[in-house]
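The two complexes that follow have chain A in common; it is paired with chain B in the first and with chain C in the second.
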Partner chain A sequence: MAVKDTVLDILSDLTGSDEVKENLDTDLFKSGLLDSMGTVQLLLELQSQLGVNVPVSEFDRTQWDTPNKIIAKVEQMQQQ
Partner chain B sequence: MINLQPYENPGYFVLLVVALLPAIIIRLNGRRSHWYETLVSFVFLFLMFDGRKWTQGVALIGYTIWQFAIVALYLRYRTKKDSPNKFSVFFWSVVLAIAPLTVVKFTPLFDHGRSSIVGFLGISYLTFKTVGMIMETRDGFIKDFHPVKFLQFLLFMPTISSGPIDRYRRFEKDYDRTLDREQYLDLFGKGIDRLFLGFFYKFILGYGFGTMLLPNLQRQAMQARGGFLDFSWPLIGVMYCYSMYLFFDFAGYSLFAIGISNLMGVETPKNFNYPWISHNIKDFWNRWHMTLSFWFRDYIYMRFVFFIMKHKWIKSRVTIANLGYLLLFLIMGIWHGETWYYITYGIFHATVMICTDAWIRWKKKHEGLLPHNWFTHAVAILLTFNTICFSFLIFSGFLDRLWFH
Partner chain C sequence: MIENIISQIDKIAEEHPERLAYTYEDHTYTFGELVTTADRIAHFLQAQHLPAKAPVVVYGEQTFAMVATFLGAVKSGHGYIPIDTNSPDERIHQIHDVAQPAAILATEHLPVSFSDLPIYGPEQMATVRAKGETDYDHGQSVRGDDIFYIIFTSGTTGVPKGVQISHTNLLSYVNWAISDFSLPEGIRCLAQAPYSFDLSVMDLYPSWVLGGNLVALPKRTTDNFMLLFKALPQLKLQEWVSTPSFVEICLLDANFKAANYPDLKYFLFCGEELTGKTASQLIDRFPDAKIFNTYGPTETTVAVTGVEITKDTIAQYERLPIGYAKEDTTMYAVDAKGNKVAPGELGELIIEGPSVSKGYLNNPEKTKSAFFRDGDQQAYRSGDLGFIDQDGLIFYRGRTDFQVKLHGFRIELEDVDHALDALAPVKQASVVPKYNNLHKVTQLVAFVVPKKHPADEGAYIADLKKQLTQTAMSYMIPQRIELKESLPLTVNGKIDRKTLIAEVNPS
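Right after this comes the complex of A and B.
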């Protein structure tokens, strides 16, 4: 799956750790891997690498807090 | 004329719950009555802004018409076919929406401490709601203007005076749904629990710290002036006591507002999530006055960072983040009021955020150098707690009295 790999690469790049690839259900915010700054970078990378346009308004932390959830969201948005 | 300020004393709750009783019974039967709940809301809003507060009532009506027009017009602009979605239109809509609040916040500064005639209790919280709506409309997530729902959201009685700040799309879902008996019973139970915890917080702990202890400590600290920076042990007491008062008073109020919302079938988001167990300042702002800090995070900080990064105006991510913190906390400070201590409080928090980020980066670079165990965690909590209490001492304005009066 291209989307999955791309998202995971972006996430490990942003968090500077491979934890996101090892456990796809890590809570990115609770664990401190991602903060608001990281979130904005994530949105910009998703836009430039995958062409999905996620406005800041759409970003509800509870729906984007694990690698699995992010992958699902991006796949869903690509199909639209 | 009777005037009732929200959640001021236990009598208010008796009146409010009795008035809501028919609505509660209807909801316990798995139905709901919007018109009856609206009637109760209207009566209590009226009692809040009548009598000696009538000028505020007039200001509220004028304000509501103003915001109604801005949001309606912007939504119409944004949802018409092939809307150009210009930045300038968005920008001016936001400026117009915050104009009344800006006037209210700056009037005392320019008019010898007098308050503005367009002000009323809760103007900030209503402004946060409409500005949030305009931003989400720009992003294309609010797609139609529903006059009744807009007014229900804006003037939602339980939260009108001091939040928590809800969001339109979330509120709309709660407003539209009908809970079955089981679901409502569950929410009702939570609401009642919150009301009782709120009583304990605000009327017992908040009262104890704020009314019984604090004035004594302040008097002692004033008498002990003269040393280096007028420092004294009672001043330390003021710092902790005020912090406890601030928490229990506001968390108590928030619990009331959420509890009453629950009785009306609305799950207003919580404002506090055990802030005293925060292990750093970032964690703290995710737990303290959450609806306000999330509002600042989502509508100011993240948008600022997004804008700067998208236009590539500044390269360094660290610089962007730090500028974002300064902007956010300066605005937060000014919003509290144009006094040296509120502004200092804002700058202090921005500085601590910047240092915390630097520390987190250092730790990432030197992984494994510092152990993570219960002891380091306890030290982190203790340090955070004291940093916050110190910031609240600045916030309290007591230093102004201590040093300059």
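Right after this comes the complex of A and C.
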């Protein structure tokens, strides 16, 4: 499965909403879809499902606040 | 033992005016500044001739202005109702309607307006804090059974309940906290919880009466992990007070360990269950620190039990104890008929003592069902299930009703049902917790029967969540909403929440 689909499935599962699949530029934090604890779950899922290890201390929320940004970040980290 | 919280803080300001009392990012405030600022607010409030002892709302975030206004209010003779800036407008209206406060002191811009009471805005309050007169009538200050603060918690009917905490209640808590956790004078303590949440009281007054410095960690910093982990080591904390959930986030950073936090020697947890796994990770990272687990409903003032958690405690118990009742407090467990059960047997925990609130503000019905007098002691039916062993060690095992804790926030599931039921597109709703394998609630799941089945389910769910942000606190909004044709019913015709709980938590 493409990175995009996996990320969207993770997000949809965590937020319990398909909005994340319909509007990939939706702000996950401002819309209340993700909170701090949800973010922790997201990082753990990215690690277990995609092998992407984001150190929590380097997690700048402003760079991860939409589905599109998260997909881009994950793809970039997988290439490194 | 201290006798009066306000005069103890005044005494520290007199003897050590240069000592730090509050730190907010790059700003520090001394005890001298704290007391002068509070005195100015007290002078100002007394000059308004508000009804005697009537509570006032203090609105703001985790700033010095907010806490100085708390102190100013009680000095002037008015208990305070803290409301955090993250509260939805509807919540502010509800608190206003229940509490009928004498005034609102807004340290930040208030997003709502009321015509029936004076509202002192941020500019006016800033002028008072900077330039006001400092003399006031000390004889009117909050003392004894006067109400010190009122904290609103989730109610079951969609209306929040205001827990009234008197000076006597708070003093009982503070004296216990400073002696049982053997906190040293001048301690530097984390202030992370918003002030509308009674966990914040766990650090605020014990630290101040010890001449200590509260170091605020604002929500916008904790929300962005990169900022959080940059800020944390610079706080030079000696004492940590938080929910277990918050420390679990911090433990995700491998650098969260004694080598980088050499002064951090005390961890106090309250608000939800501390798991053996978290406690054991903390002991490994901070081998020289003392870790205390505590327990207490807002109605009994912050916490009424405590115990140090060691490697032995973790090895001995599969679920950690919540501690022993504090010295001035009696706790016992009762069965469904209200009879005391034998040691080791499960029952509802009853809490009796000087820190138990007199009841909910302007809500005699709920007060009567939760509080009672036992001889000369005030008693509270906690609704928490637990047992007490032969030695008086107490263990928590769940709820007798549908109240849950999510990341430390107390939520009545009926309250969330109400918020959903009130939305136009919803016919019926029932909210249930999803637990992880450590008995912790990780998500709220709502089952919703729509009035008309939507063509686009995703848009319908997104719309419900959006509408909820107008009426419900953010932590009350279910993470998942699932649509159903109908909800299961019990034989009595009520929504069968237990069946729904089993559906989201398959064993």
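Annotations for the structure displayed:
Rule of thumb we're sticking to: the second predicted complex is superposed on the first by the 79 of 80 C-alpha atoms of A that agree within 3 Å, B and C clash if a C-alpha of one lies under 4 Å from a C-alpha of the other, contacts with A are read in each partner's own complex, and residues count from 1 in each chain.
Operating definition for what follows: contacts are C-beta pairs under 8 Å (C-beta built on N, C-alpha and C of every residue); 3 or more make two chains touch, one makes a residue touch a chain.
Note that the structure is predicted; figures quoted are calculated from it, not measured.
Ranking chain B and chain C by residues of chain A touched puts C first. Touch criterion met: A:40 reaches chain B and chain C at once.
Once chain A of one complex is fitted onto chain A of the other, the partner contacts of A:68 are absent, as it touches neither chain B nor chain C.
Using the contact criterion defined above for the overlaid structures, shared-chain residue A:6 touches neither chain B nor chain C, since it reaches no partner.
By the touch criterion defined above, A:16 reaches both chain B and chain C. When the shared chain is aligned, chain B and chain C each come close enough to touch A:32. When the two structures are aligned on the shared chain, A:56 is found in touch with chain B and with chain C.
Judged by the document's definition of touching, chain A residues 16, 32, 35-37, 39-41, 43, 55-59 lie at the interface with chain B and also at the interface with chain C.
For chain B in complex with chain A, the touching residues are 135-136, 139-141, 282, 297-298, 301-303, 305-306, 309-310, 317, 320-321, 324, 360, 364. Residue ranges on chain A touching chain C, taken from their complex, read 14-19, 21-22, 29, 31-33, 35-41, 43, 55-62. Taken together, the chain C residues at the contact with chain A in this complex read 222-227, 229-230, 245, 248-249, 252-253, 255, 407, 442-443, 445, 457-459, 461-462, 465-466, 469, 474-475, 477-482.
Residues 16, 32, 35-37, 39-41, 43-44, 55-59 of chain A are the ones that touch chain B when the two sit in their complex.
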